[in-house]
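So that you can tell them apart, the chains are marked A, B, C, D, E, F, G, H, I, J, K and L in the order they are listed, and the count of residues begins at 1 in each.
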Amino acid sequence: MKILVIHGPNLQLLGVRNPEVYGSVDLDTINQQLRAIAAENQSSIDVHQSNHEGEIVDTIGRSRGEYSGILINPAAYTHTSVAIRDAVEAAQIPTVEVHLSNIYARESFRQHSLIAPVCVGQISGFGPQSYEYGLKALLGHLSA
Amino acid sequence: MKILVIHGPNLQLLGVRNPEVYGSVDLDTINQQLRAIAAENQSSIDVHQSNHEGEIVDTIGRSRGEYSGILINPAAYTHTSVAIRDAVEAAQIPTVEVHLSNIYARESFRQHSLIAPVCVGQISGFGPQSYEYGLKALLGHLSA
Amino acid sequence: MKILVIHGPNLQLLGVRNPEVYGSVDLDTINQQLRAIAAENQSSIDVHQSNHEGEIVDTIGRSRGEYSGILINPAAYTHTSVAIRDAVEAAQIPTVEVHLSNIYARESFRQHSLIAPVCVGQISGFGPQSYEYGLKALLGHLSA
Amino acid sequence: MKILVIHGPNLQLLGVRNPEVYGSVDLDTINQQLRAIAAENQSSIDVHQSNHEGEIVDTIGRSRGEYSGILINPAAYTHTSVAIRDAVEAAQIPTVEVHLSNIYARESFRQHSLIAPVCVGQISGFGPQSYEYGLKALLGHLSA
Amino acid sequence: MKILVIHGPNLQLLGVRNPEVYGSVDLDTINQQLRAIAAENQSSIDVHQSNHEGEIVDTIGRSRGEYSGILINPAAYTHTSVAIRDAVEAAQIPTVEVHLSNIYARESFRQHSLIAPVCVGQISGFGPQSYEYGLKALLGHLSA
Amino acid sequence: MKILVIHGPNLQLLGVRNPEVYGSVDLDTINQQLRAIAAENQSSIDVHQSNHEGEIVDTIGRSRGEYSGILINPAAYTHTSVAIRDAVEAAQIPTVEVHLSNIYARESFRQHSLIAPVCVGQISGFGPQSYEYGLKALLGHLSA
Amino acid sequence: MKILVIHGPNLQLLGVRNPEVYGSVDLDTINQQLRAIAAENQSSIDVHQSNHEGEIVDTIGRSRGEYSGILINPAAYTHTSVAIRDAVEAAQIPTVEVHLSNIYARESFRQHSLIAPVCVGQISGFGPQSYEYGLKALLGHLSA
Amino acid sequence: MKILVIHGPNLQLLGVRNPEVYGSVDLDTINQQLRAIAAENQSSIDVHQSNHEGEIVDTIGRSRGEYSGILINPAAYTHTSVAIRDAVEAAQIPTVEVHLSNIYARESFRQHSLIAPVCVGQISGFGPQSYEYGLKALLGHLSA
Amino acid sequence: MKILVIHGPNLQLLGVRNPEVYGSVDLDTINQQLRAIAAENQSSIDVHQSNHEGEIVDTIGRSRGEYSGILINPAAYTHTSVAIRDAVEAAQIPTVEVHLSNIYARESFRQHSLIAPVCVGQISGFGPQSYEYGLKALLGHLSA
Amino acid sequence: MKILVIHGPNLQLLGVRNPEVYGSVDLDTINQQLRAIAAENQSSIDVHQSNHEGEIVDTIGRSRGEYSGILINPAAYTHTSVAIRDAVEAAQIPTVEVHLSNIYARESFRQHSLIAPVCVGQISGFGPQSYEYGLKALLGHLSA
Amino acid sequence: MKILVIHGPNLQLLGVRNPEVYGSVDLDTINQQLRAIAAENQSSIDVHQSNHEGEIVDTIGRSRGEYSGILINPAAYTHTSVAIRDAVEAAQIPTVEVHLSNIYARESFRQHSLIAPVCVGQISGFGPQSYEYGLKALLGHLSA
Amino acid sequence: MKILVIHGPNLQLLGVRNPEVYGSVDLDTINQQLRAIAAENQSSIDVHQSNHEGEIVDTIGRSRGEYSGILINPAAYTHTSVAIRDAVEAAQIPTVEVHLSNIYARESFRQHSLIAPVCVGQISGFGPQSYEYGLKALLGHLSA
């Protein structure tokens, strides 16, 4: 199985800058861990990071036929992007939404996800491990 | 008269994928029909599809002087883009908004258009024909 | 095909009074144009104008079996009549909603239609032409 | 005791049309059942169906002195008519509100009744039997 | 000057029934007082009471050219009728809104008037005298 | 047929205390009347009163297979208990909701029922008779 | 009878400045007209203008025993002062609220009066005449 | 490490009844899987199911000192229980919230969790696997 | 006089655990202080702590005839329990609500009390002293 | 310790006027009782009553260095004055808010206090005794 | 040019008290800096600080003819004073609103200004410099 | 010091088109003025205009280490972009928000800024001068 992993806006900064604030795990490390988990499950991942809502929509739009599942951290676009929601819905590929932080313990405008209703499920609050659990949950869902 | 036709996010998938869901009419067919209607009215169209809010803003920003009218299906950006609204308002070119589906019979967050208040009018619910009626209405408005 | 055309409250005044405000096209002229369009499409129309919500409900209630489609400008009742909505829904006849003005560019209480969710589609903002495009869209829908 | 039974908008269609949708019980059958129940209780009913808010207000306005109670299914006017509410309140005749469907399991705009606060009670969800229970409840209330 | 006086729904009951509740002044008495005031001001009134929203819209629709001003107690339709608002606005005749009770001391749904924004002014809370002051204010406005 | 009757919080006080306020009919009398009605219909009832949300959930959770229908007055839990709603929904047993008082004539927080949307219907406002009509309506529904 | 007339904030500017905007009638002229009306009715007025919420509260607090009625234009404090509302309510003196402009045709924050619910009635929209009608209505109420 | 697993209201029914609806996995099976996962991680679990908000509060109140973490599916109490939230907050034990279904794809009143803001994180939508991922995430968090 | 003192959910933990957070005063100490105050006033108290909404409702339901007043800290149930409100209202025993913390300086969902409107008064923010002042205020009210 | 006691708008009328409504205790009596309580605690009070928001802000602004605590009944300004809130916050002097009536049993606009979030605590509903308990609570807080 | 500088409630305390909290710059220093800037621009300022809404209204009411512009920090009255807004609007003198703190990063009730819509512009967040930039912006606007 | 200046969507049109509407100052002129001001302060600016939300996020994401401050006019993205807000917050570079128009005097959806809460301050309403004052305020803040 091939899985598309999408990292939303500002995640390129993860672990690179302000490690005392965001932890020292960077996106490459997360991607390597995801690759390892995929490999253990006879699967592989392709990774895409973008700060552009349109690019994420483009990428999801090209995913069908090529990928069995999508693992997405929509970051700030979680709360504002109907376009990404529509892309996920149109793609008809099982999608899992993950968040590094517990979005329900943050500002009220971050407590609503436009994407979650068209996903299989959502995992939030476990830092870089949210991705790990999300990938395992996605693979589990696909092989169920 | 030259008309700018703008197709918003995810519309590149129309008719190509899931024809049982979205119908078998693809964007090319719609564009050909619009070209034919324009030709019958001594007019022509230029077509632009984009999943990027910014690209749509760019395109509208360059339209003035070149186009007499804009026909736009803002799709998901209908509900979230103040930037496209501002672009339409600044362009001072008569604009008609169209929707394939009846947006008033869908989820509540789809029942509000940020773009409509700065348009001549809005047509929604007639599938690919929404574009046709929209172009005719725009040409009619321009020649009134 | 026989189409029922319904003009809602205050539309009897159209073009007759304050032509400098509402334009010089009156309801008779609109009806004649609709008759001509219908004839070109081997169809005919019956016209009903009423300021009474109940009369409009009565008329829609008697329409089934007799009409293939309904073209309605509910005017002020657009925003307040659950009864007309229920009548349209019960009639199970394809219905198209039209508005002379762009209701989305007016007061906020005019931006919500109780009728649109049970219609095929909605056209607003093209003056008397809204009716024309609406009839064509309805006939197109019925022959699809 | 003489009871006034009022059927609101679109109820003239009940059972006559689309029996597969609305059931095969029509308004006449309901009225006969209500007459039988009334007779068993040494009472009688007068029946009024109208799609016109104003006519319902007229009818309630003339009811005082003549009727001991009112049984009303305000249908769509349940949610929009302050005028019928005022008529019921002014009449000072015990009134019971009934609904065929469970209005609390429908669209949110149907879950609020303007009439209920000025009634003795409300019964909803039991199809044609809602009228039966409503009449019995009204007669019970009047003889208590 | 000729003034159109409109009494909205349920006002036919005024003073006739429940005098201990609504006072003993009936609509005829009010109309006579209004006639006297009009006469003192070299004016006359025509009176129309209706429980039908549509009839009130009809009446206002026919008023132009014939009347210099409108005095209206829209009663329950104050809070629900966009159609009467549109009729007043279209008539372009100075209109004064009156209420017997102080609507701002009643239920919250009675504290908003859809009609007031298109009127010259509003008078509420003085019982039958509200009509008197309203007619004088209207005549004053017309002769200013 | 066996029917489960559930009385919610504070109903143990009915008729026992403050008879001048709540009437002199106590819960035992109501239960006896319900037993008589059930017997007349070749049915029987089991009665459960509890002030504990959890106990009511327990009871409904054990009801399946044993009861054909549930008659419930959720009292204060009407407005606050998602757990009872879920229990009713999971039980898949036809349920009728009853209220002694007309909840739509009380404080606004009492005018919304979380339970009603998963019930067959709702009866409110007829005092102890609400139970009687509710049981009859439930038996009628079950034998339809 | 002695009447206390209160003019709220910014009304000291009336007619003195920007006559092209606010009209040429100043507060003195209004006060003289009110004095004349009072005299015709064997009454007198005392006038108080203040931009200070506290001073208006002081003045109303001292009014009892001395005045039979209060005529108040609370101007901007209409929408924000619970203190003036409490003062009027505590004074237990019949009070009439007046406004020069039709506050219901202005910004939405001006369409709600905190004072009106504790007044006899409200008159708005008739310019300086609002005071006149208000005083007459107050005197009428007091002699009823 | 010892983990407290709490199953909220109605979960006792899982898999036992209506397997065609809820799946054939029952609470015992889930508990065994959780035990196995705990054992693999040199940990153990204690399980508590209750339909009683108070019992869940009691249980959490006794947990401190005895457990290193809490895994909770608050079910219906997710949306209504401030008491469970306070218990979790007072216990100062890392807590993970899980849901079988994707609560963000359900009724709007289920899309808000009172418990999530005081948890480490939340996992929803993966059926029985939500518990598994939740336990692993909790153990991961505790050993981080 | 005999006073019923009720401590709501999670208050069993007071002072026992996390003294650095909640202070070192535990519930026993508070109860002793209340007993002393009662004794000084020729009164006595009975104390009940429960995490169960239903138990609190049971307890209040049994209180009438036995107690002259109720002192209650409903804790989390302050904001969610209509059942406790109804129990207090039905008991017709003067009740005082107390809170350790100033609930108006906390999260917005804690700033509304469902219980306060049926109490004599409310005291919040004085830590354990809130109980003391509350008991004195209750005794003062009862002997007034 | 020196305590500043502030009485807000309209409280000068207390007990002087309408004793049958507000009780016969006037502000002087309350102040004497407060003086006595202060004296018993080796403290003294200064009293300030004002109907002027600005004066109350002035007074609080001058209080620092001179007073150890503030006892305030902001009356109507409770609900509208951000300025008094800011004054209390800037003064950094422990402040207790008191209300004669139970503000939570009154109109909804009286159920929110802008001042409470910056106070130590709030006491409402005990008539003149609210001041007494408030002063004791303040002195207790200051000596803790 | 002569500029009126208005400092709203509680600003008299600036820099005098709690310098560790509010900084050591007091109002006199700010006023001197403003005087210097004015002088550099061949202008002068008059300064007015008041805690009284009414006094600020008085001052603005007297400003016309005397001042070319107004620089105002309405402080707490920013969010509550329609009277100051009306005074600014009536004065027809260009006005600039300034705030020491970034009001958009504070409590939600501080994020809305009633005054800003009638000002030229608003500057917030730069501490004492907000005044400086505000005065320069005002002078720039006046000389444009 | 090096400052990053960001111009948001549609600002490329400034002064180039519709000078009678937007003024004749174009973006180049503004940028030159900003360069001059920077130079006077021993600083320099880099300018970036984009209609793409993602590009603005990219640009801010690369700014750290390179720039001492950011001056941003987010234009339409002010009201919709959580992504730009997160970028500013993550960059930890002092940022000043500017607007050409007074956004508080425009449509209600323009009166809320998602960006302002993470900025030092905001300046709006002074046309091209808003940038000037903004740059000076930013440089002032950085050298404080």
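The rule is short, and it goes like this: contacts are C-beta pairs under 8 Å (C-beta built on N, C-alpha and C of every residue); 3 or more make two chains touch, one makes a residue touch a chain.
Fair warning: this is a prediction, and the values are worked out from it, not measured in the lab.
The chains that touch both subunit A and subunit F are H. More than half of the residue-numbered contact pairs at E-G reappear in one of the options A-H, G-K or C-D, namely A-H.
Both copies, subunit A and subunit H, contribute mostly matching positions to the interface they share, with over half of the numbers common to the two.
A separation of 48 Å divides the Cα centre of subunit F from that of subunit J.
Inter-chain spacing, taken between the CA centroids of subunit B and subunit C, is 24 Å.
Remark: subunit F and subunit L have CA centroids separated by 63 Å (rounded to whole angstrom). Residues of subunit C found to touch two or more other chains are 52-55, 80. Of all possible chain pairs, those that touch are A-B, A-H, A-L, B-C, B-L, C-D, C-E, D-E, D-F, E-G, F-H, F-I, G-J, G-K, H-I, I-J, J-K, K-L. Touching subunit D in their complex are the following residues of subunit C: 52-55, 57-58, 61, 64, 80-83, 85-87, 90, 92, 114.
The part of subunit J that touches subunit G in the complex is made up of residues 8-10, 12-13, 17-18, 50-55, 75-77, 79-80, 109-110. Of all the residues in subunit H, the ones that touch subunit A in their complex are 102, 104-105, 111-113, 116-126, 129-130, 133, 136-137, 140-141.
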